[in-house]
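What follows is subunit A paired twice: with subunit B in the first complex and subunit C in the second.
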Partner chain A sequence: MIIKGGIVYDPANGIYGDEMDLFIDQGRMAMQAKGEEIDARGLLVMPGGVDAHSHIAGKKVNTGRIMRPDDARLGTEPRTAVCRPSTGYTVPNCYAMGYRYARMGYTTAFEAATPILEARHTHEELEEIPIIDKGALTLFGNNWQVMECVRDKDLTKLAAYVAWGLRAARGYGVKIVNPGGGEAWGFGGNVKSQNDIVPNFDVTPAEIIVGLAKANEMLNLPHSIHLHFNNLGKPGNYTTAIETLDLLKDIKPSRMRQVVHVAHMQFSAYGGTSWRDFESKASVIADYFNCHNHATMDMGQLLFGSATTMTADAPLEYGNARLTHNKWSNHDIELEESSGVVPMTYFRKMLVNAVQWAIGLELALLVKDPWKVLMTTDHPNGSPFVNYPEVITLLMSKPKRDAEMATLHEQVPKRTTLAGIERELDWTDIAIMTRAAPARVLGLDDKGHLGPGADGDVSIYNLRPLEVDTSLDHVLVKKALANAKYTIKGGVVVSKEGQILATPPGRTFWVDAAVPQVDTDRLMIDLEEKFAKYYSIQIANYAVQDAYLPHAKVIRAGLLIEPLPEVA
Partner chain B sequence: MSEAIMIKDAVCSFCGCLCDDINVEVEDGKIQRVRHACRLGSSKIMGHARIESPMIRKNGVLVAVSFQEAYDKAAKILLAAAKPLLYGWASTSCEAAKKGILLAEEVGGVLDSTATVCHGPSVIGIEEKGLPGATLGQVKNRADTIVFWGCNPAEAHPRHSLRYSSNSCGKFTQEGREGRKIIVVDVRETRTSKNADKFIRISPGSDYEVISALRMLVAGKGDSVLDEVGGVLKADLADIAATLKAAKFGAVFFGLGITHSRGRYKNIDNALSLVAELNSHSKFVIMPMRGHYNVGGIGQVLAWSSGYPMSVDFTRGGPYFNPGETSACDLLARRDVDAALIIAADAVSNFPRATAKALAGIPVIQIDPYENPTTLLSDVVIPCAIAGVEVEGTAYRMDGLALRLRKMVDSSFPSDEDILMGILESVHKQRQMTANEGA
Partner chain C sequence: MRTITITPKKAFRISVEAENISPDKFASLNIEQIKSLTVWQGNRKIMLSDLFTVEGDDAPAKAEETTIRLAGDFFQVKRIGEGMTAGVVEVQGSIGMHAGNNMLGGLLSIAGNADDWLAREMRGGKVVVMGNAGNYVGGGYRGEKCGMRGGEIEVKGSAGAYLGEHLCGGSIRIGGDAGDFAGAANQGGTIFIGGSTYLPGAEMSKGTITVKGEAKVLPSFLKTEIVEVDGQAFQKYAGDLVDSGKGELLVGMGSS
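Showing the complex of A and B:
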């Protein structure tokens, strides 16, 4: 395939809006190729979009569907000759997930939180999502085995468990959600800071986070730890964020990447002592990111309207349910996690929601280096992913932000700095925040760029970047981003101007990390006891079988691999 | 004689407990012995007399035919129907369910599961209030207070108490039954109630009132509660409310005694509300006691495929869901479907009389390993291999946990998946032929 004459943004390869031809051969980017020619003259061309944090598959997503038939009705699209039927808005069915990402030019999305015990379910759904490549992060932050290894300061056994857990879950990376809080929730409690003792386990959240970060780097995993802070969603939680980030600043990364990725930073950048004096501390958080290089974040942008909050932070969801008197699902997972789901509507005239909206934007605009900020809505917590074009245009257009601000609660300019921010992102920034940076943060070498050998995932938009004024013509930009002119996945045109043309199955990435057998042997003594006494299933039935990943892409890592050269 | 093979830690595909510690001894391709399973599970795995051949009803009599003939006839029935019902799915794998959903989309039918005569009201309750739940191991490790409401696991889920609930031992429950308070609420004494510390016998149909009284007592509004509610003294209810509030970790398990008594989904709505409110005082979770081993699985697969967990109408292209309108019994009672495919369920034995009668008036395709009352009125009967014994696959436990079913022995019968694909291929073929004739 040849893509002719596009205006290409490929920041990972130093290409910032150059007119050039692209070639795809056998599904990969190449120096030259033959075959189908696509006329992209003058049009915006970027690598396929990569979403590093989205809740797209597994028990809590399906729980959202089951408790929200009201939501399913919002997105009904009939079956076609190519497509299965679609339903849903905040919690779309599996088919809609694949089609809607593809229509926007996205070709990769990672599920952000899966307990090991329930990973089989996650993979059943991931396999059912057409077109896009995917993976699932694995939850470790409230796991008994993890907490015991941390308490015993047995780092090699902890690393062996992380490797074993990733293999059992066919997981991609280490996710930590409200560490210790999920265990405390087992008896209805929570932890109030990273230095609280987790009941019955004699460790602190801080120790869990640092332990897992060290194990992560010891295993040379492609992704860093992926952290949802303690106290998320509470006024005044920005201090928890900064104190927790400080714990990790001296850990050396084993690869050319961050040591910690902060999930949906917006929900942890709050000042004030209650909802009454709630305010943005995005500028303090942004300063921290501007002065430190060990952390990246995704926005977790909130947009007004319907959302479904879902997280492994079960006490948070209980709080949401009590606050809103909305329906509440909770799901504790034996020995490993807890979780919850609560539908939510965000209002322009509600001060807290309006400030939250501003915080996400402040973060993305105040952090100077776009490689540190990924564009997400923490789908479907802040807003469903179909609204990414709205977020992108807000970041690119000060007039659009001002127009929106005029419709919000009048206190927003006092409680946030957004009104005074002049910065407008350009296509290079956007290509980084939606393509190059998420791929680099996840450690996906063949994603997020268009160099030879990269996956042949390309999105072409009906926009002329050399002509369009993204600040003033934001309506046009949003429309173009919602339906790519072409989305090409692995060298196949999967979507054209909003119409799905092909639905190849996507691959599922998972990480197999090698550890010394002696550490695994020590670990298995612990695990066999846990299965004999505490788990409700046998160890033989625990790990996800290969039958659930017919399109697996295994990334090797671990202690036996030579670490890459140290980062300067 | 070949050596006996021992299959260890297999999953029992009988009830929603999905016990996964079953050892099965196989010799000469036959299951000789089943260990660890309860009598219900053991009998399921050992099996009994099967339907031997595919059959089509000709002149009122079922006559043996080839599988292909049966597929073609089934496809013909589905294609000729304006609104076929594809019902059952509780006792087969998720892999079969996926093919069934595809078939329902292709022929424009309504797909419903046995939940409609089981925990369907629970699903509607969950749509109203959400489900504060947990995996069964969480209950085993933590619960010091357990309520069984309108269910009788001692007879319906025999290993539930020892593996997961009242008599299990875990990290914070090492004393097992001794360390727990067990409350049973039912309209009659049962084997489960005999194991209880407190048995509350309520009048039939009074579940809603009793739950409401408990909610008021938990909320500290006992003054407004009558002296007797549902045949239970207020003092007894106050005792129960105090026990629930004092729990470190409480769990409510509920069954058909509450989903199908007066009030139906409103009972569940009320019970879910009670449990949500109890979380202001203690930690509490609630869980339906699912009956057939994979009735949970069809709900999960249907939800991620169509957005809805049961009663999904595909006749208008996009999925449509409106229980009461699109649920199997209602469709049949209104004579609103004109053909039915019944798989992995015995509709005739479990449906209300009027709806079973409606089935007798339309063409019925049955896919099942065993003859049952549904066979008697079926026009096409297709025998299948038994999922979880002769075919691998996935099933979801009553707490929503997915487990991998094993294949223990070979079968000469096709799997449910194979049969559904056979019918689907025949649908495509017959459509193509019609199109060609038209051209």
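Showing the complex of A and C:
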């Protein structure tokens, strides 16, 4: 396939809006190729979008679907010759996830939180999501085995467990959610800071985070730890964020990437002592990111309207349920986690929501290096992913932000710095925040760029970047981003102007990390005891079988792999 | 006033979904265009004129100047008057499920009976049923937090279970009895039941439910005072105490 004459943004390869031809041969980018020609003269061309943090599959997504038949009715689309029927808006069915990402020009999305015990369900759903490539991060932050290894300061056993857990879950990376808090929630409690003792385990969240970060780097995992802070969603929590990040600044990354990725930063950049004096501390957080290079974040942008909050942070969801009097699902996952789901509506005139909206944008605009900030809405917690074009246009257009601000609670300019931010992102910034950076943050070498050998994932938009004024013509930009002119996945046109043309199955990435057998042997003694005493299932039935991942793409890592060249 | 009469060509064995039968949808169309509107029968998409005869004034008119007369049996026809904002739908027989759902204005008058989900999530306008109504009159459909928010429903006969579930506003008046759990999760609407009901107002947090006849009252309601309304004594309760308990339930103390 040849894509002719597009204005290409491929920041990972130093291409910033050059007119050039692209070639795809056997599903991969190539120096030359034959076959179908696509006319992209003058149009915006970028690598396929990569979403590094989205809740697209698994038990809590399904719980959201079950408790929200009202949501299912919002997004119904009938079956076509190519597509199966779609339902849902904040919690779409599996098919709709694939179609809607593809329509926007996205070709990869990662499920952000799966307990090992429920990974089989996650993979059953991932397999049913058509078109896009995906993977699932595995939850470790409230796991008994993890906490015991951290307490005993047994880093090699911890690394062995992380490797074993990723293999059992067919998981891609280490996700940590409110470490210690989820375990404390089993007894109706929570941890109030990263230095609280977790009941019954004699460890602190700080020790869990640092331990897992060290194990992560010991194992040379492609992704860093992926962290949802303690105290998330509470006024004044920005200090927890900064103190926690400071714990990790001296850990050496094993690859060319961050040491910690902060999930949905927006929910952890709050000042004030209560909801009454709630304010943005995005500028303080942004300063920290500007002065340090060990951390990246995703925005977790909130948009007004319907959302469904779902997280392994169960005490947070209890708070949400009490606050909104809405439906609430609460779930205990044995020795591993807890979780909750609560539907939510965000209002323009509600001060807290309006400030939250501004914080996400402040973060993305105040952090100078776009490689450190990924564009997300923490789908479906801040807003469903179909609203990404809205977020992108807000970042690109100061007039649009001003117009929106005029419709919000009048206190927003006093509680945030957004009104004074003139910065408007350009297509290079957007290509980084939605393509290149998520791929680099996840450690996906073949994603997010268009160099030879990369996956043949390309999105072409009905926009002329050399002509369109993204600041003033934001309506046009949003419309074009919502339905790519062409979305090409692995060299196949999967979507054209919003019409799905083909639904090839996507691959599922998972990481197989090798560890010395002697450490695994030591680990298995602990695990066999836990399964015999506490788990509801046998250890032999625990791991996800390969039959659940017919399109698996295994990435090798581990102690036995040569470390990559040192980071400069 | 423009009047359009719609008559089924035969009795339907498979139910029909006809949300296009509404003054708003008809307003800008002539008779031929109305005939070609879409309806669904089961999983088949067909034209209105495949199942119904359509007669009346040909010239388009505003919704508020449109009357749709439904002659014959429409009990197997669903979603009539969905989201209507003005005008009149006059049903000479009975009507199927979801009639007048999400209605914003106008009048839906039914000479016979109405099936379940009558005027669910209604926002405004008026619905009158001369016969009986099914379950979930003025309720919120599966998963909705709010049922009816405004407008008026009057049923001369009796109503089924879950009358006005998740009611957020508006008023419902039932001449006869209501089924179990009338006014469940009421959040601010008004219900009057001429006859009796069973366990009214479960989980109600606001609003008023008046039962003229008898009612078994949940133990989570607090007996307060005796009040007189239109010459009849009512026992007043506050509830539901499992929620905020700011709702009012009045149950008749026997007619004197």
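A few remarks follow.
In this section, the second predicted complex is superposed on the first by the 568 of 568 C-alpha atoms of A that agree within 3 Å, B and C clash if a C-alpha of one lies under 4 Å from a C-alpha of the other, contacts with A are read in each partner's own complex, and residues count from 1 in each chain.
The rule is short, and it goes like this: a contact is a pair of C-beta atoms (placed from the backbone, for glycine too) under 8 Å apart; a residue touches a chain by one contact, two chains touch by 3 or more.
Just so we're clear, the structure is a prediction, and the values are computed from it rather than from any experiment.
Within the superposed three-chain model, A:402 lies out of touch with both subunit B and subunit C [touch as defined at top]. Contacts of A:69 after superposition: both subunit B and subunit C are touched. By the touch criterion defined above, A:277 reaches neither subunit B nor subunit C. Of the two partner chains placed around the shared chain by superposition, subunit B is the only one that A:118 touches, whereas subunit C remains out of contact. Residue contacts after overlaying the shared chain place A:246 against neither subunit B nor subunit C.
Annotation for subunit A, partner touching more residues between subunit B and subunit C: B.
By the touch criterion stated above, A:330 is placed in contact with subunit B alone, subunit C being left untouched.
Once the two complexes are overlaid on chain A, the subunit A residues touched by subunit B in the first and by subunit C in the second are 67-69, 71-72. Per the touch definition, subunit B reaches subunit A in the complex via residues 8-9, 11, 20-21, 94, 98, 105, 123, 126-138, 140-142, 163-164, 169-172, 248-249, 276, 279-280, 282-283, 285, 299-301, 303-309, 314, 316-321, 392, 394, 396, 400-404. Within the complex, the subunit C residues that touch subunit A are 141-145. Chain contact summary for the complex, subunit A toward subunit B: residues 57, 59, 61-63, 65-69, 71-72, 76-79, 84-88, 91-95, 117-118, 120-121, 124-125, 128, 144, 185-188, 200, 318, 321-322, 327-335, 341-342, 533-538, 540-541, 545, 547.
Interface of subunit A with subunit C (complex): residues 67-73, 326.
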